[in-house]
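Supplied in structure tokens, the structure appears directly below.
First chain written, first letter: the chains are A, B, C and D, and each begins at residue 1.
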Amino acid sequence: MHSPTVQKLIDLFSKFPTVGPRTAGRFVFYLMHKPKEEIEELITSISNLKKNIKICPLCLNPYEDETGLCSICSDSRRDKSLLCVISNEMDLMAIEKTKKYQGLYFVLGGTVSRLKKADIEKLKIKELEKRIKNDPEIKEVILALNSTAEGEATILYLERLLKPLNKKITRLGRGLPLGGELEYADEDTLSSAFESRR
Amino acid sequence: MHSPTVQKLIDLFSKFPTVGPRTAGRFVFYLMHKPKEEIEELITSISNLKKNIKICPLCLNPYEDETGLCSICSDSRRDKSLLCVISNEMDLMAIEKTKKYQGLYFVLGGTVSRLKKADIEKLKIKELEKRIKNDPEIKEVILALNSTAEGEATILYLERLLKPLNKKITRLGRGLPLGGELEYADEDTLSSAFESRR
Amino acid sequence: MHSPTVQKLIDLFSKFPTVGPRTAGRFVFYLMHKPKEEIEELITSISNLKKNIKICPLCLNPYEDETGLCSICSDSRRDKSLLCVISNEMDLMAIEKTKKYQGLYFVLGGTVSRLKKADIEKLKIKELEKRIKNDPEIKEVILALNSTAEGEATILYLERLLKPLNKKITRLGRGLPLGGELEYADEDTLSSAFESRR
Amino acid sequence: MHSPTVQKLIDLFSKFPTVGPRTAGRFVFYLMHKPKEEIEELITSISNLKKNIKICPLCLNPYEDETGLCSICSDSRRDKSLLCVISNEMDLMAIEKTKKYQGLYFVLGGTVSRLKKADIEKLKIKELEKRIKNDPEIKEVILALNSTAEGEATILYLERLLKPLNKKITRLGRGLPLGGELEYADEDTLSSAFESRR
């Protein structure tokens, strides 16, 4: 029912995370009503992404400047004995916002639900092993993945894999989140909250 | 905290309908991991939008082909005595999907909550008046706007404005939607459902 | 884990509509902390229900006073040519609140999803037939049931059943509810809203 | 609009936790359609509550048997060096379900948002102080209250109040709950999850 140009763009936007065909349609009609200059600004910004952004060879996080390393890996004040493994850049942002963690990061590129070869190969697991092996300064590897089934499966896999490297391997503490109520907490969360009481 | 290129694109995506900064961030990281060809395909599709899409002079709906009118306005089988005024292209799509309405459309370009001059001038109201005046074939103008406060305010405004044109002016019937339960229906909806019983 | 007295009461409250075991537990602990007089007030009120409430022989709605009929059926100002069939007393309340309907009611006692004999016999269908046959004043029977699958199935069944009685049989109009948006309306609702435009 | 008997019972049910007038109405109509024996069973169960249930003098938890203490306080296998302070019986149930905690309990009777005298006096704070002072076996007092603003305020108040008693005072660990995602965690929760990593 849509014209080919509109349909093509709806199809592309529908692949964006959290976007379905209806929202994709709203994006297209939104762009249709924008003046030419705003469309060109968007196009330039998208193409700049590929042009300006590099991937930090240490943590695999995208960065922009000319130093050869991202701003965190090149920051001499960061604690180089801590390496925090995260699924993606959004999680890195969330942790940085707390201003509590002062160590380094490694972007794994996802989590896996099934430990099949094809799934695991999508993650930067070899790069992670190499990163840890090559850096004797690292003392603790924090597996900061989601407490979901996928995150847990990936943590278990990494714990086993990284064991021979003889580093301290930790995972985030579980407990009641801010605003959490005992009555509605699941048994695992409540057990962990008791264990990590202080 | 983001690099300038990333932040710029987050800002632009944040203006898209229904998108906040967090989702905009996910869009940017999604694009960052796409191969060059897919990014170019997206850029081409966005720029085609401005290049290929024209606005139909009769209904103000965007269209693509070479006929000078959109596919609905140029379809001789459509009932030219009915003009359905809608807020935007998404509502037109929703109505076309029902396959029940066979008349023509007019895209108003929004609804207004306050009847202030500045707000009203954003709508294509003069164009609507002209469209109706110029076409003696039109017998009924259906104000198919949302049943929200904004939609209702706009309907009231248009009813008053279009009255001198001596056409039948109608609005959509109110009632229980599919799946609706009497017990949870508001009094207005229930009253309308009784009035429009059949 | 609960003591027998507590568990017994949790089991009974769990059968209340919308109440699960957790909410039932909260009810029991709530009562446990109430003073003796409040508990007695509750017990008296519950037992008064069976003592004081009668079922109106005409509409099957519960009522309390001494007239032999409920306050609606005995009200000479109500329009006796209209009989509104509803599922339960809560729907009757919802309709009365609109203050638009001035006819009489009949409480069917539920709706059925499957038209099996056992299900249908739970409804007061024979009583409804008798009520309509015995009252030549009734001109229109309004089937005011939910727009859900169950409600629709029951309406279809009643339409067929009541047809030989030669009364006007109507159902509530469907359309956009108050606050409804075209873009999110299903096709049936939108089609009905167009048909019942006015 | 309801008859006095119905309205009275709606009013009483509306005071139940989580119940509004609409749900209270459904409860009343539910009871109205129950046979006499079921109503009597409910009435007997409610009155048994006051008759059979006693309050344990040690933990203030309700119990039923003849021992003079509740089944937890009288259980010689429980760890008498741990006293877990909870808001209400539902929280006790939630903790018992985890089967991880083997100590004793104390039911505080609520939490307070404002530390005003009138609010605090509703809680069993004097009883708690006395309970701890009288039992030299207690080594640790766990303040297992909700992570809500109210719970936190009450924890802070109790920490200060119980300090002179020279017991270890702890609170539940905060962190990601089961199923929690880093990206959506608040900063406090994420900081705690890092601190309690293991």
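By our rule, a contact is a pair of C-beta atoms (placed from the backbone, for glycine too) under 8 Å apart; a residue touches a chain by one contact, two chains touch by 3 or more.
On a predicted model such as this, the values are computed, not experimentally measured, just so you know.
Student: Show me the overlap between the contact partners of subunit A and those of subunit B.
Tutor: A chain counts here if it touches both subunit A and subunit B, and no chain qualifies.
Student: Chain by chain, through touching neighbours only, how many steps does the shortest route from subunit A to subunit C take?
Tutor: Counted as steps through touching chains, the separation is 2.
Student: Can you tell me which chain lies farthest from subunit D, using the average of the Cα atoms as each chain's centre?
Tutor: Taking each chain's C-alpha mean as its centre, the farthest from subunit D is B.
Student: Looking at C-D and B-C, which one has the bigger number of contacting C-beta pairs?
Tutor: Of C-D and B-C, more C-beta pairs in contact link B-C.
Student: Can you check how far apart subunit B and subunit D are, centre to centre, with Cα atoms defining each centre and the answer in Å?
Tutor: Distance between chain centres: 52 Å.
Student: Using mean CA coordinates as chain centres, what's the subunit B-subunit C distance in Å?
Tutor: Their C-alpha centroids are separated by 39 Å.
Student: Starting from the mean Cα coordinates of subunit C and subunit D, work out the distance between those two points in Å.
Tutor: Here the centre of subunit D sits 37 Å away from the centre of subunit C.
Student: What positions in subunit B touch 2 or more of the other chains?
Tutor: Correct list: 22, 90, 97, 183.
Student: Mapping chain-to-chain touches, which pattern fits: line, ring, star, complete or other?
Tutor: Looks like a ring, each chain touching just two neighbours.
Student: Sort out for me which residues of subunit C touch subunit D in the complex.
Tutor: Touch residues, subunit C against subunit D: 1-6, 8-9, 12, 16-18, 22-23, 25-32, 36, 39, 41-43, 45-50, 52-53, 62-65, 88-90, 93, 96-97.
Student: Contact residues on subunit B for subunit C in the complex?
Tutor: Listed in rising order, the residues are 86-87, 90-91, 94-95, 97-98, 100-101, 142, 144-148, 151, 170-183, 185-198.
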